[in-house]
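I've put the structures underneath this note.
Next, two complexes with chain A in common: one pairs it with chain B, the other with chain C.
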Partner chain A sequence: MNEKKNEIFDLIKMVIDKKNNSSLNQKIEFNADADIRDNYGLDSLDLAELTVVIEDRYGIDIFETGIVSTINEISEKLKE
Partner chain B sequence: MIKKNKFQIIELGFRDCDQIAKVHMDAFPKSIFTIIGKSCVLKYYQWQFSEISRYDKLIYSYGIVNKNKLSAYTIFGKPRIALYGFIRKNKWFLFTKTIKLLPLFNLYHLKTILYGFKFYLKKKMFKSNNSNKNMVIFDNDRIGILITATTKDDDGRGFGTALMKKAEKVGKSDGFKYITLSVRSENINAIKIYQIHGYKKVIDKSGNWLNNEMIKQIN
Partner chain C sequence: MRTHEDRIFYYDASNGQTYSYSDLFKSLNMTSYEYENIYSNDIYRFFNRLLKSIILNKPQILIDNDSTLDPVNNDSGKNVHISSFDHFKEMLENSKSEIGLFTSGTTKKPSLIIHTVDKFINNARIGSKYSNNIWGFSYNPTHMAGMQVFFQAILNGNQIVDIYKKSKHHIIESLLKSEVTHLSGTPTFFRLLVPMSEKFTAVSKVTLGGEPTSNNLINILKSIFPNAKFNNIFASTEAGTIFASSDDTFNINDKIEPYIKIVNNELIIHKSILGKSDKIKTDWYKTGDIVEVICDNPKKVKFISRKKEVINVGGEKVNPNEVESIINSHPKVSFSKVFGKKNSVTGFLVVCQIKKIKNSKLSENDIREYLFNKGLEHYKIPRLINFIDQIETTKTGKIKR
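On to the complex of A and B.
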């Protein structure tokens, strides 16, 4: 379970790296219960990209059946 | 302990127009309806729910709520040109309000008003030439997202995406082949997001983007 949360965190970092066009200059801390928008500064476009990379990896659309706002909630969706 | 999701997707109806109008005014502070005032925004949504829905469940609306407060909403359905019906029905209300508030409008607003007026005349001519009694034009194989809005505070939470997925799901289960939406060409981020989620621009034979429309096959 924790492994999956770390994987999701890595994907978030990947989206942020892509946005900043660099390899994570800013250090971000893992917090599975924090709001991903507020904690990692993701905007709508980043979130759309995150949805796609998660769907590519796990075959699940996290917004298909509702709203997710934390790594824990994403992880729960992947379990369903 | 995992924090439970506070936000829920619920179905909206006529009784929710007041909250919907508030979200609209927050999300689109520069829209003509917002500038005209809450009475106009409210009238528009009340019209959506009362007039269009008399065509038997052709309009759907869902919203995202947290503690009874609406944060985002979407309205989608079979009507293709819903705005025309509203302009037609409320032309004198809109005309008098527009004249009164003319000094508040900028160039973009004036262009939109002119476009609306041209659109109204065009449809009026279309109607008289074709004896089409319907004031709203429908498509049978596609469902269209008419509007999606999120309050500024909740922007970036994926509410628009969640509501778009809901519209796709409802459209798919009701047997529609396509889902469409319109987006302003300068809204680059929104266009990218729709493209990421599989929407494509509707292009004519010359390669021009038609009516700022985007389409996705759902069935």
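On to the complex of A and C.
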């Protein structure tokens, strides 16, 4: 279970890195309970990208039935 | 001096097939078979069958290989008797036949549009000054653009050099060997040809049509076809050619103005200049083409995109053609295709496929940075970039979306 949360975190890091062109050496901390938008500064486009890469990887659209806000919630959605 | 009959009608460099006009007349005169629903696997044979129905005043429907219509043939016992090129031309000009064409189905299901043969005849320019034209035929002959080139060529007794679906190598060989003077194709066709080190000095006219083109592409082509005049055609299966220009803007002249309306940036055409079709139900037909009015007097427009191509990213509209145009201006990019990827957050997201120039190094970050520096808004910059080898095109040589 923890492995999946780490994978999700990696995907979030990838989205942020791409956004900043890896030029910002931001230290991003793993926090499974924090709101990913507030905590990681993700805007709607970032979220859209995240859902697309998650859907491509796991075959599940995490936002299909409503907004998920934390890594924990995303991980729960992927279990279903 | 060669008579018209001795001149070459059709040439295929990939297999050396050559037919003169007298070969054509001979084969037309010889057969009593008639064909319905014809397709283009063998282009010379296709032209034969089409011409037979035109001369016999029979209607014809042009289909692609995957059509639900079945080709039909029967020995009707009816023969034609062509005695000379002038006789042949006269029969075409007097034909009461109709030709059914399917729309390209780029953004919707194909529908059948019927045009009279005399519409094609009237659109062609016939005269002795056109008699030495040699046509590079790259269009699918079963659709509007192909038909227009076909009639233009045959009414003037010109040579048609078959470069439809040929490899780049054969296309180059054909253009050089046959000394093609007139080359027509979609912007996608031309983009797939470049970069090219060869120069084709015999080409005096290059015509682009079927998709929005960019001045950037025209400039690249100008160096490959240094003696050519450039023509950009705005046409559709429903209407035939509506406007033409030498760059990426179009003038709406006095003749056509009464038949054109622009509402909410969509081009709307009066049905009196369109072919017959079940789907043209009202007097004014919505083309689904989005244009920008550049100038009011004289009226000048620029084609922006097909309505259905527009990508809606969280309410912001993105024109994939615009983004492709900028990506394609990158020196290491050969070709790109921009489209929308569905998602539950913003509706759609801009993503793209890119074909790099051979042996070049290019990363996703390079592209994103390039687009950012070109001032492209953040929601237009593709979020997912895939580097690929081949980009899919449609039956009419346009990017498949």
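In this text, the second predicted complex is superposed on the first by the 78 of 80 C-alpha atoms of A that agree within 3 Å, B and C clash if a C-alpha of one lies under 4 Å from a C-alpha of the other, contacts with A are read in each partner's own complex, and residues count from 1 in each chain.
One rule holds in what follows: a residue touches a chain if its C-beta (ideal position, glycine included) is under 8 Å from a C-beta of that chain, and two chains touch if they have at least 3 such contacts.
Quantities reported herein were computed from a predicted structural model and do not represent experimental measurements.
Colleague: Please tell me, clash or fit, for chain B and chain C sharing chain A in the overlay.
Modeller: Because the two structures are overlaid on the shared chain, the partners are seen to clash.
Colleague: Looking at A:52 after the superposition, I want to know if it touches chain B, chain C, both of them or none. Which is it: first, second, both, neither?
Modeller: both
Colleague: For A:33, using the defined touch cut-off, is the partner it touches chain B, chain C, both, or neither? Pick first, second, both or neither.
Modeller: first
Colleague: Check whether A:44 is in contact with chain B, with chain C, with both or with neither, and answer first, second, both or neither.
Modeller: In the superposed model, A:44 contacts both chain B and chain C.
Colleague: Quick check for you: in the superposed arrangement, does A:61 touch first (chain B), second (chain C), both or neither?
Modeller: After superposition on chain A, A:61 lies in contact with both partners, chain B and chain C.
Colleague: Answer with first, second, both or neither: which of chain B and chain C does A:69 touch in the superposed model?
Modeller: After superposition on chain A, A:69 lies in contact with chain B alone.
Colleague: With the two complexes superposed on chain A, say which partner A:10 touches: chain B (first), chain C (second), both, or neither.
Modeller: neither
Colleague: Between chain B and chain C, pick out the one touching the greater number of residues of chain A.
Modeller: Counting contacted residues of chain A, the larger count belongs to B.
Colleague: Tell me which stretch of chain C runs into chain B once the two are superposed: 39-47, 165-173, 345-353 or 363-371.
Modeller: It is 345-353; the other listed stretches have no clashes.
Colleague: Touching chain B and also chain C: which chain A residues?
Modeller: 44-45, 47-49, 51-52, 61, 63-64
Colleague: Spell out the part of chain C that touches chain A in their complex, as residue ranges.
Modeller: Those in contact with chain A are residues 313-314, 341, 343-346, 349, 351, 364-365, 368-369, 378-379, 383-384.
Colleague: Taking the touch rule as given, give the residues of chain B at its contact with chain A in the complex, in rising order.
Modeller: 2-3, 5, 7-9, 64, 155-162, 165, 169, 189-190, 192-193, 196-197
Colleague: Note which residues of chain A are touching chain C in the complex, please.
Modeller: 18, 21-22, 44-45, 47-49, 51-53, 55, 61, 63-64
Colleague: What does chain A use to touch chain B in their complex?
Modeller: 33, 35, 37, 42-45, 47-49, 51-52, 61, 63-64, 66-70, 72-73, 76
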